Every structure is written in structure tokens, then in C-alpha cells.
């Protein structure tokens, strides 16, 4: 194996992982700030200017708190739960193309860790495995609220995975490839998939809210019914891992949505810039910037929805998933098929 | 590369053995998860990446969740096991398990005998496949080929399986429904 | 090639042992899944020599899908049995009707 390639990939992996962790860290601050704004109060503003050091303070607090493992819990599974949640949240970043190629010293560096030819299925698999952290944690706690929450998490994720997969199938009919790299290249300039798949995008967005257990679908940790849900018995950094994994999931979900429907690193006028003689490296960097702007907008959208829309009831959630989302997703596939057939390609 | 194959196979077999002998059903199910994951790795070594992803999606994403679900709903002993925690280690040899062990070992011996008796280097079909360029080398995009084959050559089994899945869906829903009439 | 088959054979035997020795219907089901997986591993290993038709890989996918359907139905049955008998030990379920 090529040593230079290995070094390049290791650096890329560390950078991507670092950026996703830092983004997730500051999403916690952004969430509290935006919540404050929406509720007409100040958010956290004591640690550093504008509360900018708040995530660090939170981290230190979580690390130094006493760690309690309930006597009645299964220790092995109890520790495994948050670790799995964190792991599954992080591995999703591997197939997302963050930008085009960079030229560094005559070497072309692709800003995608692994362009596997089954990228979408990989994402889908990671999403399917994401529920394990919650299930194992909730189950190992040996607490009835945690157990209820784990059962809710499992049934909610399975139900919404179906419509998630069906909305992706319609997208795949348009793109004709499973590779995320190729899907982004097809959307060059302003030719984004959202123009072809508006209904599919709305379905995907709703499902990603359900899959990341965010309000209005956060029945899994609904305080009013289940105390703390699956993390009732957790304390210290294990609790921190669960909460943090949720923010990484939001980051990954935002990145996936930007990649699949909003052109990833493509931005309007990139061809004009190339013709105007701007070097490829600058266009790539602007593209990475565009990608991040899109991701941050999606993260903002997640937070905005959380603090404005009330929580569903559990039966309403299930009804929405099975009676509305799945028929809509199937209708979307049929419409897409008919349109492709009529337009001849 | 072969080292990774042996590591994966080792993990897989060790986890499978744990499932077979463990008394803690909760851990057994999670080891089952590990077996399925390592199997997906082995499929990738057999250059069948689409099968590997299907394995992860269907088995690890769906089947194991269902199993944990059923376990949560059925097994009262389970909570006891969780409560006992570390004390319930595996117990390898039980007198009543002896016939099963003998049977399993006998089957394994027969299979091993057959596998080692075959001279894999000189199989005619293997040479034919290599000569005709019909061997997967790992550099081609197999997903497209598999997809085209599913929709053309294997269309009939594909449709039969769809009908079968529908039947299974209806059957499972019928079995699991609440009994309101009695 | 023969490595795949040996691993498959070992997994098959472990599955067989699990099916015959365990006293929990869910673990018996897991044993059956082991045996199915061993068969799928063989299909995939031989499928390497079929680049054009993909017979091995396609039928491996079919087998995975069938196994998933089996599990769904079997678990529904197990839950029903549990409701009826309050146990899922296959040896203790002796009545054919209720």
C-alpha cells in the first residue's frame, strides 16, 4: 500500500473527525443560545465572551462528576451502550464528500475519506445500527423507564427507516448510482437534486428527525413521561456521550442531506469562476465553505424546529410513520418512475 | 490481508461459541450481533460487497433489533440474569449437552473431511472460470452487475421472493395481532 | 477458497450445537441463523468464480432476505407461545392445542 496515501487518509480522517466533534460541541452552545433567543432571554453568557467557552465548561463538569453505575445494572452492557452510540455516530462521516480535489505539491488529494461504490447503503447501514446504543443502554440500566424508552427507540427507528429507505430509492432512480461522490458530481453548479425530488426531500428530512430522536419525535427521551428515557440511570461522561452522540448524529444527518439533495460542495457559479481563471484549489476551498454553510443551516433548522414545534404523542408518531409517510414515499417512487418514463430518460 | 481474514474468522467463531455456551442470554444476543458483523467482513473478503452491506442492513439492522425486542417482551429470566450480572459466566460442559456436542463434532468432521479431500488447485470449473475472465478480481463495480442480473436473469426468483415477503408480512402481523375476540 | 469453507463448516457445526442444546426458543432461532449464514458464506465464496451471472451473490441476497422473513414470523410465533404458556422453552411446550 502507498505510504503517502496512508498518511493522507490518516490526516483527512483526523481532520474530519475533529471538525465533526468541534461542530457537535458548538451545536450544544448554539442550541442553548437559539433556545434563549426564541424564548426571549439570554442563553449562557458567563463562560468567556458570549459564552463561547460554555461547551468546555460543560465538558469539564461532565468529566469531573461522580460516575454511578447502578448495582442492578449489567455493567458490561451499561458501558457498551454509550460507547456504541458514540462510535456509530462518528463512522457516518467516512463516506461524505467534503469537497473536490485539492492539489498539494503535485499530488491530488480527494476530500472524501472513502468513495465506496455503495456509499448510500453504507449511510443507511450506519443509521440502522445507530439505535443499538440507545437500546443497549436503556436495556442494561434495568429500569422500567429506560426499558420503555429502549422499546420506543427500536420501534420508532425501524418504522421510520422504512420510509427513509423508500425516499432514498426515488432519489436513486434519478441519480442512477449509489456512490455519494458521483451523486455530488451530477449536481454540479445549481443542478441540485432538490429540484427533482422535493417530496422525497421532505420525507427524508422528517425521517432524519425521527432517526436522530429530535423534537418533535423525541419520544425516546420524553421527560414528561419517562423521566430521562434511556439515559435515566446514566451520569457523568457516559451521559455526556449519549447527549454528544445525538449532536454528532445531527451533524452527520445535515451533511448527508446537503450531499444528497442540496449539491454538497457545489455552489451556483462555480463554472463561471473556473472560466474566469480562478485556480482549482480556490474553487475547492469555496466549495468546502459552501458545504459547511449548508450543514450549519440544516443544524440551525434542527434547533429551530426543536424549540418551536411541540412533541408528538407516541401513537401519533406511529400513525404518521405508517399511515402517511410510507404511502407518500411509495407515491413518490411511482411519480418519479412515471416522470422518468415520460421524459424518456 | 490474509491476517485480517483470520482475525475476522477468529472473532466470528469465538463469538459464535460464546452464543452456544453462554448462560447470559442478553450477552448471547449481542455476540450474535458480533457474529453477523464479522460475517459481513468475511463477505467483503469474498469480494461480495453488496452482499456484505445487505447483511449489515437486514441482519444487524433489522433481525437483531427484532430479536432483542422479542427478548425484552418474553424473557422474565432475563432481568434476573442482568441482575446477577457478572456471576453468570458460561458453563462449557453439561451432561445433557453431550449428544449435541457429539453430533456437532461429527458433522464438522465430515465436512472437514470433504473439504480437505478436494484438490482445490486443480478443479476444472475453476480453471475454466479463470481462463474465461469470469473471476471477480476486486477492481470492477459489482453492484451494477448484480442489479442488472437481479432485474433480468433472476427476475422470476426476485418476484417470487417479493410475494413470499408479502405473505410473511401478513402472516407475522396476523400472528402478532391482539386477540380481541377471545 | 478452502479457508472460507472451513470457517463455514465450523460455524455450521456451532449452529447445530446451539439448536440442539439450548433451552430458549430465541437462541434456537439464532442457531438456525448461524447455519444459514454458514451456507451464505459458501455461496459467496463460490460466487467469486461467477463474475458475469453472479449466481452466488444473488442467491446469497435472496437467502438473507428469506432468513429475515423467517425470523419475523418465528418471533411472532414465539411471542404468541409465550402469551399462551408463559415460557419459551421448546421442551416444555407439549400441548398441540389450547
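The chains carry the letters A, B and C, assigned in the order they are written, with residues numbered from 1 in each.
In the analysis below, a contact is a pair of C-beta atoms (placed from the backbone, for glycine too) under 8 Å apart; a residue touches a chain by one contact, two chains touch by 3 or more.
Quick caveat, the model's predicted, so the values are computed rather than measured.
**Q** Which chain has its C-alpha centroid farthest away from the centroid of chain C?
**A** In terms of C-alpha centroids, the chain at the greatest distance from chain C is A.
**Q** Counting C-beta pairs in contact, which comes out ahead: B-C or A-B?
**A** B-C
**Q** Can you give the whole-Å distance between the Cα centres of chain A and chain C?
**A** Each chain reduced to its C-alpha mean, chain A and chain C end up 34 Å apart.
**Q** Could you work out how far the Cα centre of chain A sits from that of chain B, in whole Å?
**A** A distance of 29 Å separates the two centres.
**Q** So what's the Cα centroid distance for chain B and chain C, whole Å?
**A** Distance between chain centres: 7 Å.
**Q** Counting only residues that touch at least two other chains, what does the list for chain C look like?
**A** Correct list: empty.
**Q** Out of chain B, which residues touch more than one other chain, so two or more?
**A** In chain B, 50, 62, 69 touch at least two other chains.
**Q** Quick check: in the complex, which residue numbers of chain B touch chain C?
**A** Listed in rising order, the residues are 5, 9, 12-13, 16-17, 19-20, 25, 28-29, 32, 35-36, 39, 42-43, 45-48, 50-51, 54-55, 58-59, 62-63, 66-67, 69-71, 73-75, 94, 96-97, 99-101, 103-105, 107-108, 111-112, 115-116, 118, 120, 125-126, 129-130, 133-136, 140, 142, 145-146, 149-150, 153-154, 157-158, 161, 164-165, 168-169, 171-173, 175-176.
**Q** Of all residues in chain C, which touch chain B in the complex?
**A** 1-7, 9-18, 20-22, 24, 26-27, 29-31, 33-34, 37, 40-41, 44-45, 47-54, 56-62, 64-73, 75-80, 82, 88
**Q** Can you name the residues of chain B that touch chain A in the complex?
**A** 26-27, 30, 33, 49-50, 53, 56-57, 60-62, 65, 68-69, 72, 79, 82-83, 85-86, 141, 143
**Q** For a test of understanding, state which residues of chain A touch chain B in their complex under the given definition.
**A** Touching chain B: residues 72-77, 80, 116-118, 121-122, 124-125, 128-129, 131-132, 135-136, 139-140, 142, 147, 150-151, 154-155, 157-158, 161, 178 of chain A.
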